[in-house]
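Below are two complexes that have chain A in common, paired first with chain B and then with chain C.
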Partner chain A sequence: MAGFLLILISAIFFPGIILRTKSIASGRKGQGVFQPVRDASLLLKKGSVFSTTTGLIFQIAPVITLSTIVCAIMVIPFANQTALISFEGDFVFFSYMLALGRFFAIISALDTGSSFEGMGASREAFFSMLIEPAFFILIAAFSMFTGFTSFSDIFSHFFITGNHYVLIYSIIGFYVFIQTALIENSRLPVDDPKTHLELTMIHEVMILDNSGFDKALIHIGTWLKFAIYGSLMYNVIVPSGWNIFLQILLFLGVQSLFAVIVGLLESFRARNKMNKNPKFILSVSAIAMIAFVIILILTHKLNQ
Partner chain B sequence: MVIYLIVLFAVTLVYFASAERLVTYIRLIGAQGLLLCGIALFELREVNTINMIFIVSETIAFKAFLIPYLLNRIIRASGVTKVHRQAIPGFYLLIFSVLALIISVLLADSLVNPFVNTIYMTIALFSLFTGLLLIVTHKLIISHLIGFLIMENAVFVFSLAVGNEMPVLINIGILLDIFVGVLILGFFGLRLKPHTNELTLLKD
Partner chain C sequence: MSALIFFIIIILTFAVFTVPKSIKYYYSLLILAAGIVLTSVWSINVLAGGGHDLKIEASLPVINKSISLIIDRLSAFFIIVINITVLVGLLYARGYLKPYYKTKNSLRFSIHYFSYLWLYFSMVMVVMIRDGLSFLIVWEIMALSSFLLVIFDAEDTTIMKTGISYLIQMHVGMFFLMIAFLIVGRETGEMSFDVLQRYFSGHSNLLLFILFFTGFGIKAGFIPFHTWLPQAHPAAPSHVSGVMSGVMIKMGIYGILRVLLFVQYDLLQIGVLILVVSLISGILGVMMAIVQHDLKRLLAYHSIENIGIIGIGIGLGVIGLATGKNILSLLGFSGGLLHVLNHSLFKSLLFFNAGSVYQATHTRNIEQLGGLMKKMPYTSILFLIGSLAICGLPPFNGFISEYLIYIGMFKSLASASLYQSIAILGSIAGLSLIGGLAIFCFTKAFGIVFLGEARSEKASLAEEVSRDMIFPQFISVALIILIGIASPWFVRPVFDIISAGFGLTGTAIPAASSLSNLSQISIISGIFILIVVLLLVYRHYHLKSKVVTCGPTWGCGYTAASPKQQYTSTSYAYNYNHLAKPVLQNEKMMKEIGEDEIFPPKRTFKSSGDDIFRKLLVDRPVDLVSGLLKRIAVMQTGRIQHYILYAFLFMIVVLMLTWLNII
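This part shows the complex of A and B:
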């Protein structure tokens, strides 16, 4: 339960820290940390406007997307505590909950009948498809390393396996989760949330028709997804057996650090050309594959 | 420690498949030289001190500095900066690279030998395949040369794996380094006409 609450709390601060970092990096006074929350609360008070070409799918998709993300949070453990939902192979459930949410976001974009939104949906589906192997290969590597197949067991046994090479998997895990989070949330270098040209948009073009309450739900879903991946990063770099109060502080620290990294990336890094994105995303899967191969060899799984 | 360096070496190989600028290739070749030097330093514990000093200094001098420096000169002289003449798109090259990694693991597993570490064998084969892929899929001669250098690094990694038992194999690998240095300097470095594609583009 603590993990669930911590993810919700850190999600509130996440977009504000990104914006604050960007404004400091560009020398602007900028907005306060809570400005995105204020914007979202304003949107929540408003009603939604629906185009006459849209149907039921468009109306229910934001709610379904947010609820799938909340379900996915429930399988993420914190410290030595078991997650709210934990079972063998729950990482598949986690991944497919997020995929279900994305599926509804995509068909909702198609439901609008706009060619721009269809184009964005196509890109989102393609890039998500490319990043999925990276996540699964990495979790398969962790699973082989620890001998367990649920998030709670994997992360609670991650640092007590007695294997000296745990640092390699921590570093690779941290790197792959950062990249996955950036790609899943359509941030730089794959997509730019601040772009104003529909032709170069990916995620933003999909939600052009959403307004008011629905748009607030979509924004909240994005913040939660960031916090989910921040939590996964935290689990691969901090041993679960440490003091719980220290862990809470470290958790918030890692989430803030992640938000600052995203902010700095968005300040100083150029966006990829659209045709370079598949290669960039696939290289993340290739690095996860290296981790998998190294674990395969080090755990002597091959020669048995 | 060696494992960390080997993992970094493997990551540079993946980066080769996704990089597009010749400068990046050269930096990666230099980085591989430094990594190989580190691997040699930590791995070859049974080799005598003089031989060890020779191997380490040669690896740093040739692999990390001299060859990248010569390649850099060639790029400046030719004015070719991008690897834009590829037979297949870079995306497929990356897919082939991942397949090469899988094939390397399977091959290393089937060629299991009590004297050779499986990780070295895997990475050496992966490096060999990456070099071959670079040669097969690129049209510029300079890319072919870089592919050859990667294959040469593969030979060096493999010789390090058996270096404690057969130190002479490392020295043979070093001879190959010197050969490549002379090849680059003589064949490319001195005969290149500035700002022409004469020696950079492979003719059919």
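This part shows the complex of A and C:
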């Protein structure tokens, strides 16, 4: 339960910290940390405009996408506590649940009949398909190392296997989760949310026609997704046995660090050329594969 | 006694030819229902009654030969799978065939219904008969009856051609099975599945298994044996494609499982063989599906993908048997077997709805469709549910079987040796890639066909199909959702079938823990549905209190947008095509504009995705043989003098050979 609440809380700060980082890095005065939250609550109060082309799918998709994300949070553990719902193979459920949300986001974009949104939908489907194996390879490596098959069990046994090389794969895990989060949430270097040309966007162009309540839900979903990956990163670098209060502080620290990293990346990096993206994304799978090979060595399966 | 009833029902199928045209449908439905009730009672008895095999002896009066039908749990499972889809298919056919009543005569309908019934009875008998010769006979009947069903629209010459090509490829498979059975017969003196045990204990297991696997694999549609599938499915009427793709190709899976029950040695090689072939089928199947423009051909390629997923489960199960990992065997085989049921439900559903789209728009070309959701709301929602289920997304049934396969792999990873770990990791990555590709494919199929604006006049004039065609599909939908949400009810019997069939010991505890995991999935799926419903209700009341206006889609300032500017299926897959070029061999046919062409004339552009395997395995050998025959045909001059000369030369050769004492 604590994990669930912590993810919700950190999700509130997340977009604000990214914004603050970006404005400080570019020497602007910028908005306050709560500006995104204020924007969203404004959106919630507004009415909506619907395209006449759209139909049922466009109406229900934002709700379904947000619900999938909320359900995905439920399987993520925090510290020594098991997640709200934990079972063997819950990471498969996690990944497929997020995929369900993505499915609806994509068809909702296609529902508008706009070629911009079709383009965004196609890219989203394509890139998220390529990142899928990376997550599974990484989890397979963790599962093989710890001998457990649920998020809660894997993370609670992560640092007590008595292996001193644990930092190698926790760093690789951290890196892969960062990249996955950036790709899944369509941030730099794969996609630039602040670009002003529809032709170069992925995620933003998919939601061009959403307004009011639905748009607020989509934004909230994006923040939650960031916080989910932030907490996965937290789980691979902080041993679950530590003091719980220290852990809460550390959790918020890691989430802020992640937000700052995203902000800095967006301030100092250019976006990839769109047709270079597949190679970039596949390289993340390759790095996950390295984690797997390292663990083959560590578990003495691969002996000299 | 019950065997007698069964054969009476089969004999009554012949009466389809005599009843009047208007009640032919109802007569066939009656016969089918009788068959379904009888076989379902048998299978439920077997499944519920502690798993004792049901043996039904029947002596055929005229040829004085006795046939024994044996139903064990595996057969019982397959009978239930067949029954559901064949019943829904015939119910759907009532509406689908209505337009044809004006154009086709009574005999055509008799043949159609007769073959449909015989396809059903032959499939049921395929899973019940153990004797080799009788098995081959019903296997052949299955091929012939499905051939007759495919060529229902035989006025169209391409359909006739496709049908014949289908028939030939089925017989190539038949040939492999025949050789396999003949080898068994020569070595053991008996041709039957039951003597396989004896054969396998004393001979090479791998070689005979490869023969069986090729024979059954052609029916199942594993790559590279799939070449008939993407041609035959689009050609057949939709209720037939639903049944063929939903259950007929599963007879190949049944055969493979039946043979595997007896295999004793070389298990590791066999497991790796199945796994590799299945991974290739799964990934290439869906990769080729994405580039298709014909809705039914797209679905046909997806059948190959799903056969691949089933095969991955079976392959892992065999590897588990070979290495003594009972848990991998249990979960792998169960995942594969449950996917047989799941795929039969959602794939037939998708084919039926593709048929409804075809009936409403008279085209299967995805590029010409669009915007059908507003005109055909029920069909769209049924297709959407099928799409979500086939992508393996929760809370639908496809997720459950894929989950079982995944969890089997993850659980056995920790204790696996180096090579096993690599094989399992490859399967995990492959299966996740298949999942991602399937989502790509079905967002395209659903999004382009049903959403946006109509891309052609045909699509804009579409109307919802009749209720007769929609209602039967709710049976499939109900099962899809039920298996997704209440999975333990369905997985428990599958576990029983597998652990009894393969004699797995010590599986009670892992089975129980898997079932409790599945009930956790049921709980979280329930929570998910609850959240969705609550949020939708809240949104409904929220929007009521706000100003809601309608307007055109945002066009970036451009106001005269036309439906032709929408993203098409080709443009949706453009990025992907670029990456998948080495595998897919897409061809573009166009003439570039030359530099000196000041006034370029009218040009055409055509792009097509070709199946490399069909080119290599079917087209090229056929071209080679027909080229050779054409060269020999020089002798066929049409002059009687030449033919007399040939006869004369032949006699001289014979005389010479006799004189030289050669013959």
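Criterion: the second predicted complex is superposed on the first by the 299 of 304 C-alpha atoms of A that agree within 3 Å, B and C clash if a C-alpha of one lies under 4 Å from a C-alpha of the other, contacts with A are read in each partner's own complex, and residues count from 1 in each chain.
Everything below uses one rule, namely that a contact is a pair of C-beta atoms (placed from the backbone, for glycine too) under 8 Å apart; a residue touches a chain by one contact, two chains touch by 3 or more.
Please read these numbers as outputs of a predicted model, since none were measured by experiment.
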Next item on the list: Superpose on chain A as described above, then tell me if chain B and chain C fit or clash.
Entry: fit
Next item on the list: Pick one for A:I168: touches chain B only (first), chain C only (second), both, or neither.
Entry: first
Notebook entry, point to check: Touching A:E184, do we find chain B (first), chain C (second), both, or neither?
Noted result: neither
Next item on the list: Would you check which partner chain A:L296 touches, where first means chain B only, second means chain C only, and both and neither mean what they say?
Entry: both
Note to self: I'd like to know which partner A:D192 touches here: chain B for first, chain C for second, both or neither.
What the structure shows: neither
Checklist line | More chain A residues in contact [chain B versus chain C] | finding: C
Note to self: For A:D153, using the defined touch cut-off, is the partner it touches chain B, chain C, both, or neither? Pick first, second, both or neither.
What the structure shows: neither
Next item on the list: Based on the superposed arrangement, let me know which partner A:M129 touches: chain B (first), chain C (second), both, or neither?
Entry: second
Next item on the list: Considering only the touch criterion stated at the top, classify A:E266 as touching first (chain B), second (chain C), both, or neither.
Entry: neither
Next item on the list: Kindly classify A:P278 by the partners it touches after superposition: chain B alone (first), chain C alone (second), both, or neither?
Entry: both
Margin query: Quick check on the superposed model: minimum Cα to Cα separation from chain B to chain C, whole Å please.
Written below: 6
Next item on the list: Determine where on chain A the residues touched by chain B overlap those touched by chain C, and list them.
Entry: 278, 285, 296, 302
Checklist line | chain A-facing residues of chain B, complex | finding: 3-4, 6-7, 10-11, 14-15, 17-18, 90-91, 94-95, 97-98, 101-102, 105, 108-109, 112, 118-119, 122
Notebook entry, point to check: In the complex of these two chains, what residues of chain A are touching chain B?
Noted result: 165, 167-168, 172, 278-280, 282-283, 285-287, 289-291, 293-294, 296-298, 302-303
Checklist line | Contacting residues of chain C [partner chain A, same complex] | finding: 370-371, 373-374, 377, 384, 388, 391-394, 399, 402-403, 406-407, 409-411, 413-418, 421, 424-425, 428-429, 431-433, 435-437, 439-440, 442-444, 446-448, 451-453, 513-514, 516-517, 520-521, 523-524, 527-528, 531-532, 535-536, 539, 542-543, 546-556, 561, 563, 565-567, 571-576, 578-579
Note to self: Under the definition above, what is the set of chain A residues touching chain C in their complex?
What the structure shows: 46-57, 60, 63-64, 66-68, 70-71, 74-75, 85-90, 92-93, 95-97, 99-100, 102-103, 106-107, 110-119, 121-123, 125-126, 128-130, 132-133, 135-137, 139-140, 143-147, 149, 198, 208-209, 212-214, 217, 275, 278, 285, 292, 296, 301-302
